[in-house]
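Following this line, the structures themselves.
Shared chain: subunit A. Partners: subunit B in the first complex, subunit C in the second.
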Partner chain A sequence: MNTLQICLWGLQIGAIYGLIALAFVLVYKATKVINFAQGSIVMLTIYLCHAVISLGTFPIWAGLLLSAGVAIGLGLAINRLFMHPLVGQPLIAPVMVTIALLGLIQGLCIMVWGDIGGCRNFDPLGISAGALHIGQIVLLKPHTLGFIVTLVLFGLCALFFKYAKLGLGMRATAEDHQVAKVLGVPVMFVFAAVWALATLISLVAGFILGSMNGLELGIWQIGIKAIAVAIIGGLDSIPGALIAGLMVGVLEQLAGAYIDPYIGGGLMDVFPLIIMCIIIYFRPYGLFGLERIERV
Partner chain B sequence: MGLPCGTFNAEYREDMAILRTRTHWGLAIAAIVLLFTLPSYLSNTWLIVANFIGIWIVAALGLSLLTGYCGQISLGQAGFMAAGAFSCAALVNYGGLSYWPALIVAAFFTGGIGLIFGIPSLRVKGFYLAIITLAAHFIILFVILHIPALQGTMGLNIAPPHIGSVTFDSHHNFFYLIMGVVIIMTIITKNIVRTKPGRAFIAIRDNDLAAEMMGVDVFRYKLIAFFICAVYAGLAGGLMLGYITHAHIDEYPFMDSVWCLGFLIVGGLGSVAGTIMGVVFLRVFSQLTYMYLAPLATLLMPAGMGTAGFGIGPFTYGLIIILFLIFEPRGLYHRWEIFKSWYRLWPFAY
Partner chain C sequence: MLAINNIEVKYSDIILVLRGVSLEVPDEEIVSLMGNNGAGKTTTLKAISGMLATELGKVTEGSIMFNGKRIENGDAEVTVGLGIAQVMEGRRTLEHLTVEENLRVGGYKVSGDAKKNLERVYGYFPRLRDVRNSTAGYCSGGEQQMLVIGRGLMARPTLMLLDEPSLGLAPLLVEEIFGILKSINQGAKTALLLVEQNALAALSLANYGYVMENGRVVLDGAAEKLKNNEDIKEFYLGLNEVGKRKSYREVKHYRRRKRWLG
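And now, the complex of A and B:
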């Protein structure tokens, strides 16, 4: 029974990893940029969301819509200011920019919200303390909400990429920028759309994370786990992100419950990275990633 | 690589020389004299900055060989420094060695750790490898934290190192030690680049498949690059330990690994002089930020709105690196080269 409980919690945590990995994979698929700043972006969107909600007394849905708008604006700004000037440069340049962005956003968050470690209570839906009891199993409300939202978002993404014109354009862009451009896909617009979508997903993930534990300045570190998850799933595979996220969540929780007591704790923080190192060694393109054959 | 006007290489020895002309020699000697009399002009604050610059130059030179010359991005340099510092402290505290042999052994031990994380470069490359080294940082710190003898949460202390009766316990004394190491490591790096492995690194960076076709053992040279990079990091970590006489994992945060890569970008990837310029520029800049910009930012922020003074450092660092990437991706060194070709022809335009 205990193991079942741990596995369920792992699935719920893993869904959040999968969600952040989804944002990561979307950016990678369209622009081939590995976004090391993903964790910081999650942190920034959720702090912005908190700021927007505590701005005034308007209904919660209005606050959420407004912060969604802010998040989309943030994504567009990142694309326009930092990514757009580097289109056509060797890939190392935009990737380095995201690495620098990691520091820049962290510094920004410390500057604005750094007092008392950036800790804030964040519970606009009033679900943080709630729990569902099913038999002997306890499911925390924010975690359960996160799980459901993640599944819905992945479903929407699947439909979007299959049927929407913009989604098809994104897939074409992912395949080859030049060919897509020749065939009439507005590649620059797709880049902007992908960044906006990624920050929006980051906001959703951040919202759930904030509802789980409140806000603090260490939230960005979840981005590192998300990178590991994205790599395990295969960098360009959307279902891979979900499956790897769930897998890593369960394994991490099991490791935390059964190995941690013997070594003195803390394994949960690095376990995804260890799994990633092992998987990357045997399957360099991840579990579901597309293997690229190189030509000279 | 243009030579100064009127200078020709008549012999192979001249072609290989790092310092080619009399002016070069004069400038080099003047620079060394200036460097070693620096402590008498600098205040204590700037002496500390200079010492950290020296330590980071050693670490950045190693990363420059791996990233700038061999093209393998590494996000684990601070982790390797931690490994060097802790292994050095453990050898001094438990192995009964004195500081100097412990420093050498720790550097090579760190090199071994670098090899372990270099092995995946057989299968993966590019940014996948960057992510492995990112994992390396966290895994190394995790392991350090979980070896009880290393007291990761408390840290290990050592006595200040000494040679004979000279103890390196003041900023002033340590400056000479660090700068000595920096000069030796710079010369070594400059020469590694010109050896067979150095040329192999550059071939791998430019096109690894083509390099392999031409008979370069890519995997072997990648491992060598990882090893050298980690040895430098271990040495830097050991120096850091000797300087602050304390090893603690909080001194090696992940962001330091990122900034180490930033030094290379700002200075210019693939040049030894550029690496040094990058470290000096960013560290001096961050000190100026800390001294002048941070109080200003705190003043400008509305009261109770956070800690602008702490955040401004990473914020400006990140901003500078991004600006360099967008506007001068070849770094300060490229600007220096342009300046050099200008003054060599001065007063003529070309």
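And now, the complex of A and C:
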């Protein structure tokens, strides 16, 4: 295996980390809630998507649209049931609730889908086995699709936050809830919209992950890596999530290929956390996190 | 236009902050609200704009009427739509957004031509046009104060609530900003309710004034009349009976007692 191949794979895996980190960052930016349940939400959306698609024989695009609707509904429900009642309370309360959600969703998935369990084939697009050959380099189809979709989604997000009215309202809310409210931004609506957006992005990420590796009840663990990625990028930076995701993906794959053989393996999975510790030591706000502006 | 009738405000259902406050802002007029720290001026503004709820405060008695509609304990997002814009104390810009983005957020509730709306605000504050693409958090204090006033103006209000627009600004800047406020009042036909510590500046701009102390209105009257009130002179304008600036060279001077019931 040559280094270029490893780097390309790393970029593709990293894009998925970036995508999940994006969902995490969106929620954090607008509501300041650190969503520890992010990984399990990815898992739940993908199992729900699987359930929706195997409901009947409708065209794949209809299944995907329906799944998207379900994911948005899930986000709205989480916001309404768990987050909304805690608005105005100390931030630790909703954060603890997300930890509870993490366990709750895992249990729910095991309860409902425990019998189909791990490694069930999930390949609605029929791309899991495919690969692109470019000279010596092999690119797996679901990974490549994930990479492209991620770039597109980040691009759309950037446009949305720059030009759309709701995007601007979200940024205002992220800065200062009180000021946003006094200017007429519907803060509660923004919270709901952010959760809906985050679960929708989780669905996309989950869909790609499922197409890569099939369904498994351990998918939620990717959330831990994604949180590390989000922290490296700077908790509230959207471009930071992408760049940190790609960086972590590449470094992780390189560590797996070049260091793991000497130490007997295992470094690859903890590598993002090691990078996080190092980066936070030098840059407490992460690579691209906003520092509080203080004029001297 | 705006009439506050005998309101009582409590925080957390227990801390009584306003006790029987009544005041009125007629169409297109400038009314100033003066008083010491903790007198309840800001709370009065928040009661009008509906921001009390964010601090667990509530209007428990009385009513606030705006153009014949009751708005006490309303939602701030809705109140903006009715035409009341509050400019909060302390130059609360959205720091990481640019000046122009800040202004656009101010126009969130207004449908229609945002460009024209922006141009109107730049008309009042030409300085903002020069810094339109800079990050708001790095602007100077004067620019930030202009920005938050301009941002309030973006909502096309018929009544603006201004909380201490002169706070921490150089006298020349205060004069400039008050001049602009005057032209907003005349040009845009916007009524202003001005909370100020700087009584001299406030009274020279306003048509009418109220003085608050310990959560109630203790004195009110036309601005000219208030300027000549002996108590106002002594306690807010720093003048003595003869109309001269108080001199501390004559060490022995008798502290005047307020003639109103606080």
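The rule is short, and it goes like this: the second predicted complex is superposed on the first by the 286 of 296 C-alpha atoms of A that agree within 3 Å, B and C clash if a C-alpha of one lies under 4 Å from a C-alpha of the other, contacts with A are read in each partner's own complex, and residues count from 1 in each chain.
Definition applied: a contact is a pair of C-beta atoms (placed from the backbone, for glycine too) under 8 Å apart; a residue touches a chain by one contact, two chains touch by 3 or more.
Model, not experiment: these values are computed from the prediction.
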Quick one: on subunit A, after the overlay, do subunit B and subunit C clash, or do they fit? Just give me the call. fit
When the two structures are overlaid on chain A, which partner does A:Gly266 contact: first (subunit B), second (subunit C), both, or neither? first
Once the shared chain is lined up, is A:Lys165 touching subunit B (first), subunit C (second), both, or neither of them? second
Identify the partner contact of A:Val182: answer first if only subunit B is touched, second if only subunit C is, both if each is, neither if none is. second
After lining up the shared chain so the two structures overlap, which partner does A:Gly126 touch, if you call subunit B first and subunit C second: first, second, both or neither? neither
Is the number of subunit A residues in contact higher for subunit B or for subunit C? B
Which superposed partner A:Leu86 touches (first subunit B, second subunit C, both, neither): first
After lining up the shared chain so the two structures overlap, which partner does A:Gly114 touch, if you call subunit B first and subunit C second: first, second, both or neither? first
In the superposed arrangement the C-alpha centres of subunit B and subunit C open, at the centre of subunit A, an angle in degrees to the nearest 10 of 90
Could you state the shortest Cα distance, in Å, between subunit B and subunit C after the structures are superposed? 18
Once the two structures are fitted together, what part of subunit A is touched by subunit B and by subunit C alike? none
For the complex, give me every residue of subunit A touching subunit C. 88, 165, 168-169, 171-172, 175-187, 290, 292-293, 295
Mind pulling up the subunit B residues that touch subunit A in the complex? 73, 75, 119-120, 123-124, 127-128, 130-132, 134-135, 138-139, 142, 145-146, 207, 209-210, 213, 255, 258-259, 261-262, 265, 297, 301, 304-308, 310-319, 321-322, 325-326, 329
Any idea which subunit C residues touch subunit A in the complex? 49, 51, 54, 56, 76-77, 80-81, 86, 88, 92, 94-97, 101, 104-106, 108-109, 135, 137-138, 151, 155
Interface with subunit B, subunit A side, in the complex: residues 34, 36, 82, 85-86, 89, 91-93, 95-97, 99-115, 224, 227-228, 231, 263-264, 266-267, 269-270, 273-274, 276-277, 280-281, 284, 294, 296
